[in-house]
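There are two complexes below, and they share chain A, which is joined by chain B in the first and by chain C in the second.
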Partner chain A sequence: MAERMQLCNISVNNFEQCTKCSICTTVCPVAAVTTDYPGPKQAGPDGERYRLKDPAYYDKMLKLCLNCKRCEVACPSDVHIADIIQRARMSASEGKRASLRDTMLANTDLLGTMANLVAPVANATLGLKPTKLVMDSIMAIDKHRTFPAYSRQKFTTWFKRNAAKEQDAYAHHVSYFHGCYVNYNFPKLGQDLVKLMNAIGYGVHLLDKEQCCGVALIANGLYKQARRQGQTNITSIRKSVNDDHRQVITTSSSCTFNLRDEYPAMLDIDNKDVRDGISLATRFIYNLVDDGKVKLVFKQDYKRRLAYHTACHMQRMGWQLFSIELLRMIPGLDLVELEQNCCGISGTYGFKKENYERSQAIGSILFKDIADAQVEAVTTDCETCKWQIEMSTGLPVENPISVLADALDVEATRQANNIN
Partner chain B sequence: MVTEDIYNKEYDVIIVGGGVTGAGTARDCALRGLSVLLVERNDYSTGATGRNHGLMHSGARYAVTDGESARECISENMILRRIARHCVEETDGLFITLPEDDLAYQRTFVEACQSAGIRADIIDPEEARRIEPAVNPDLIGAVRIPDASIDPFRLTIANLLDARMHGAEALNHHEVEGLILNQGRVEGVKLFNKLKGEHVEVRGRVVVNAAGIWGQRIAEMAGCKISMFPARGALLIFGHRVNQMVINRCRKPANADILVPDDTVCVIGTTSDRIPIETVDDMRVTREEVDILLKEGIKLAPSLATTRVIRAYAGVRPLVASDDDPSGRSISRGIVCLDHAKRDGVEGFITITGGKMMTYRLMGEIATNAVCAKLGNTAACVTAAQPLPGSEEGAPSQSDLTKRYSFGQRAAIGRHGSLAARIEKDNDIDNALVCECEGVTVGEIKYAVQQLHVHNLVNLRRRTRVGMGTCQGKLCSCRAASLMGEMSHDVKRAQQDLASFLDERWKGMRPVAWGDTLREAQLTAAIYEGLCGLDMAVNTQGKEDQQ
Partner chain C sequence: MRMDTVIMGGGLSGLTCGIALAKRGQRVTIVASGLSTLQFNCGSMELLGCIDGKAVTSPLEAIATLPQGHPYSKIGTDRIATLAEQAKSLLDDAGVIMEGNAAANHWRITPMGIAKPAWLTLFGHLHIDDLNQLPARRVALMCVRGFFDQPNGMLANGLKELGFEVEKIEFTTDDITALRRSPSEMRASSLSKHLVSNHALLRVADQINSLTGDAELVLMPSVLADEEAVRTLQSMVNKPLRMIATLPPSVPGARIQTLLRHYFRMLGGNYLMGDSAVSGTFDGDLLTAITTAKLGDMPLKADNFVLATGSFISRGLIADYERVYEPVLGLDVDADAEREQWTRFGVLEQQAYMGYGVATDNNLRCLKQGKTISNLHAIGSVLSGHDAIKMGDGTGVSLLTALAAAQDILGNK
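Right, the complex of A and B next:
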């Protein structure tokens, strides 16, 4: 055979490597609850062959894909099944405008900025029954859903006023990609992170310019805007990682996954030079502890029983072990590791009226497991999983960083790490 | 009609050979009001018809060397675009000149095309790269010509369907063992029904030999001698399309210089080797052939070097010796229609051979003219104007697809054209996919089994593309066998059929069994042999049957 020929098959997203084993379809949370969705194998590599022949073979049911990436985790041939599906959705939506509802759901930061200004009003109004009914009927946002409450003060405002000036004093430094949820809805998580990082001797800094990572924009078909914002973020991250030698850490698994993996796969943003410099905070801290570089000391009287839920994108990165093992370092914590099942919300997916029932059906296995676990709260690295689990089980959900910060003996930790 | 009734009728014409030429002849005869029986020893389109590029030649390839063939091609090309719309994809084609080729040939080529009436536009290499991104970027010249892609299986079946709609009968798996001869007249055929193991005779006033390369043997049965020159060509199928246009080399025809996008795949070919007539049934592809095809193929589209090859196959061109050359060495390139009464003194016997798939309709017309002359039928040929079943107006459109399961329904429209309306799609079961690679539904399989002469999975594959995707039958063959077993109430036979279908798929994969194709085949073997014990089940069953 001619030299170097046929040594390997190269295809976009490895779709030629598919041997049709169908394992992906068996783990798909959507295919498990509805026959409307053809399943990842059909929607992905199988459909792709036909779409290469003629884009008209695009199947509208592909919009039911959660983009949870569980198919990719299961694939023994490393086919980027969900990427194929998302790319197909992208091509099919070219030239079409996203609906008002999708645009609103996707623009988490714009909505956040406006809502922060009028937080009490927004929170009260969004929670009112008439508002919910209007959103349900006009916007097709399901009435069962509650928008996460908006904070009166943005995280960045708090940070600049209360924390920024003391950060330079630490020996080590990281940048924090806080994301929209921390900034607009739940600054406490950001505060917990600053507390934790400071206690182990790390100063925390904001990026020069941070915009929404765009995970919701991608899911709702606003690719151009996502690409623009992504480029801004990567420019800031590049400065932090390459020029200032500060790793970038996050407290959201979806933001992390988006910055690291979806940027190149979906938005053609080249992040090769900084990808390794972006990490989830739990992974970053775990590695420091594991390398013996820092020590964590926890409160003696801390006692809780929590369940850990692996978010889909967390599973795709394979990083749940970092969060779990870090939590296990807390002596008083009784941690139940839940089976890996999708909660069904998938960002903005479950907010849409047409998806509500499917979303709850997908999550039902997880909800039952949580009920059976007899815990006081659930912990997970993803904020949208949090909303879904809180709404569906009634239990509070916390980020592992908040759990750690709560359990941490700050003074003892500072001493153990020789910080004055 | 039940098979026995078909045997007992007497026909105006019996056509031997279920390739596209036989089917086209059957259609023409039936449309002219003759009573017709077509017999085929295997399945329809198993010979040269089903073993070529699936290229609807514009004739450009022949323009320089054979102006007459070129003119026939372009004329039939334009006709097929009208009458066989659902079998044709109007892709257009490129004739590219590479740095090692003589650019001066382009001028000769374009002039020859123009004189044959073939549109041939010289385009800028940059423009060629834009309209066909898969093309070798090093090209120094390109000509755009009206080549297209055509599905020979669909074309053959559409011709047969039309023949049947006009009263014709057709039998596959019926081999001609001999001709009924009476005082220098051919009066019918002696058949062996391979499905039931029966020998029967059927009478007809004229027998048309449209058996392609096997026509030499049929002619011998009447004591007539035709010298065929089998020319073998091997081809490779890639797992998906890399090109959207046909890509040819702008030089004298040579090995592996045509790449055709066919439905979900693309096909590179061919080689060309003269072989002895005794070996025409040996279709194994050799390593040397695979090497040549790949080495030359990547010059047309470099990405073929890293694209999965799913299958290799070979076919035999039925070239025939010119009657006017006493040495028997010179080959006739065109259509050959022999009236054996004039040529050999055998009445009631006509051979139609030579030609190409592209000119099947014209061959059918010429053969039917000869039949009609014998029978005193004066009806005019209408096959050039009347659309084939499936290509009529009113194919189901976008709005007829259900919201769910649109994929399989759309694929079925691509395959059956307006006849897709006959496929059930009112419930979840009929819409369920049997073949996921090619989007074949339960409904489509039921339709094919009931309407399209399907006796086994190989027949079903040619009618529907079941098992033609990258998994080569791994998932669909079991489901399809089970459906056929249910429909025929013969589970044992379905199991045997499944085993032989998988064997048949493996034969084509074997010459290219490396990389992902090998992984695919091993998984299939692990499932069917290792997990399900199919080979044991079939072997044990075979022993039981013997006892």
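Right, the complex of A and C next:
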């Protein structure tokens, strides 16, 4: 009886475990810069009590939540505060249509496909002052923002033309969930990953069908579309992991977090059977090195000083250790680990005109830390952090995979792993 | 992943131990499930505050009289003075500047206005060496308009009982008024983020200087983010100014945690926030690896492990309907078997459960089914045999057991 009572005491998102200690509010980057946002305790578990009574208690200021999950990371009682807030936003938006601006920002792959076709024109146009002003006034996309440049060639096109054929020759195999950013904006990161994986004896393959992971769709309230795309992705991942016995690796912390954790929590997509088969590439490679299965050999003359920024979703996954420890294997790399603060962009949030100032205020602590660190570049596992930090500090930002690929002595590594 | 030492728990004891080890070149990872009870710390450390309800004046002398099961007795009372010195200088190195010494307690003032014995108190915060010789008579108690975290009436009454003449002075500034737009979050931590710039501090100073008349000492809630802000405001106010801790979450407590964590990272330590240890693998009398919730199939292996998971509030100990247990590794605990013995009716009475914790040998090494685990130390609030509330020994036990365990691990006890 007693045992059964205790089992009944478990609530959705650990809602009942909140002790009202308010620690979450002290770490909320939004509450720190604006009084419009009620803070995670009030927006989450406290507000939920009212909303359970009557949904009309929903506070529209909940849209200011970045979904950075820092409240959850700080919570000593494991309450899924941000999930409670996101779920509340979801119920409140039922039956409502997202605005054109939000739909456009959220559909990163549709936008990417169109822009790739006309990349030089798109890049030039998006960078023009008149375009920016039109977007600012009509679309409410802040004029300070620069859209990440679109690549002329998609990653998948490059891959099929230049790399796909050789991949079967390797002894081991993985599938690569490249995500929208690698595909449309920055194929080099995908190329770096292929270079790195091939050097340690792993063939890289595309999934049967990959769609945008949907992180931006969720943030902009396009839940149905996110669920549809999520189901397509999980079907492809399931085939890769369960039938082809190929782990799925990624180079974006937010895609990874979305595929593993937000799919079940936000979209009710059951991924239990494949969740462990989805990993960030740094974690995957670190484990191989740690188990003694592969060796990495780095260039003798490599010398750089970089700062590592832990992206919010990376921190929520608790995986920064893998990227950091992997980078620390590079002998010539002087790595500074920055205090974990939000950069303020939170995907599409910072692109919206109404959020621009708040976004920059949130990031200001991080930008100061970066300036104080006196480094030549920053490294982080998240592409939107990259845009924000590059725009706000002027320093280049690289994915740890690119740093590793750059520092790697490819020939020596292939030899060390007995690859011809 | 292989480390020299893995510490479960990232609060005061875990961080102190981690810093002591990392300083000596060890590769250390701390697994911390969320922020710790340091967030509730008022900015003071206590070595030993009370025995049998009586305030202790000389903690070092009083510690010698503690029963055998107390963590201080296990460390060895002859080592306490040295460890206390080391703890103070470790805090100092991390940028946590505190005043006080282990030979004689001073008095800290709680947010409710009660004087309690303490060993160290953060720079700029009110502490009194001798209650018969108050540092001032006429005190201006600055009360921030609309502020949640300071019970002004109780605080003023408490100060009056100590012998101060207290005038409560309500004040506000534009920066503070702007904060009141958020009805639920007029809290100490919010104020600390908005009273940062010199302009904001100057506006506070102007209010204090114009309102405090003939007061000899000005007290204000501890809502300034760091030591620098305290010094700046002190220099702007034309009377002695001291901070008084607020209700939690406490700004000085959070500050201590941030500084320690920052220092630990600077020394090359890994701090995994928001992750928690879930199980361990044993080989004979050794713990060989632990798994965590987030790292999943990647166990953390190490030569030494430290359990610093805290007491019930931090879930280092769990009580269900039948038993008290240690949830991560299933270690032996010192606790009464019968549930009726755990608690007494009056909430303020001495509660037996406060003394419960994991069982250890005299080197603070944990026991599992009666056998010592030779590479697993327990430190801080998860230990049995002390009572942070009734004895005022919580922070001292955390700091000193952390250093003692670190010395044992480094083999130079």
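Just so it is clear, the second predicted complex is superposed on the first by the 414 of 420 C-alpha atoms of A that agree within 3 Å, B and C clash if a C-alpha of one lies under 4 Å from a C-alpha of the other, contacts with A are read in each partner's own complex, and residues count from 1 in each chain.
By definition in this document, a contact is a pair of C-beta atoms (placed from the backbone, for glycine too) under 8 Å apart; a residue touches a chain by one contact, two chains touch by 3 or more.
Just so it is clear, the model here is predicted, and its values are computed rather than measured.
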Tell me which partner A:Arg49 touches in the superposition: chain B (first), chain C (second), both or neither.
first
Between chain B and chain C, whom does A:Ser11 touch in the aligned arrangement: first, second, both, or neither?
first
In the overlaid three-chain picture, which partner chain does A:Tyr349 touch, first (chain B) or second (chain C), both, or neither?
neither
Classify the contacts of A:Cys21 with the two partner chains as first (chain B alone), second (chain C alone), both, or neither.
both
Dominant contact partner of chain A by residue count, chain C or chain B:
C
Is A:Phe186 contacted by the first partner chain B, the second partner chain C, both or neither?
neither
Considering only the touch criterion stated at the top, classify A:Lys60 as touching first (chain B), second (chain C), both, or neither.
first
Go through the superposed model and pick first if A:Pro38 touches only chain B, second if only chain C, both, or neither.
both
Output check: A:Tyr263 vs chain B and chain C. Expected answer is one of first, second, both, neither. What do you get?
neither
Using the superposition on A, tell me which residues of chain A are in contact with chain B and, in the other complex, with chain C.
2, 5-6, 21-22, 35-36, 38, 41-42, 46, 77
Residue ranges of chain A touching chain B (in the complex, touch as defined)
1-2, 4-11, 15-22, 35-36, 38, 41-42, 46-50, 52-53, 56-57, 59-61, 77
Within their complex, state which residues of chain C touch chain A.
1-2, 29, 33-37, 39-40, 178-185, 187, 189-190, 193, 248-249, 254, 262, 265, 270, 272-276, 292-298, 313-315, 320-322
Enumerate the contact residues on chain B facing chain A in the complex.
239-241, 261, 263-264, 290-291, 294-295, 298, 303, 305-309, 403-407, 410-411, 428, 433, 436-437, 439, 469-471, 474-475, 514-516, 519-520, 523
In the complex of these two chains, what residues of chain A are touching chain C?
2-3, 5-6, 21-23, 25-27, 31-33, 35-39, 41-42, 46, 72-78, 276, 283, 286-287, 290, 315-322, 324-325, 337, 339-340
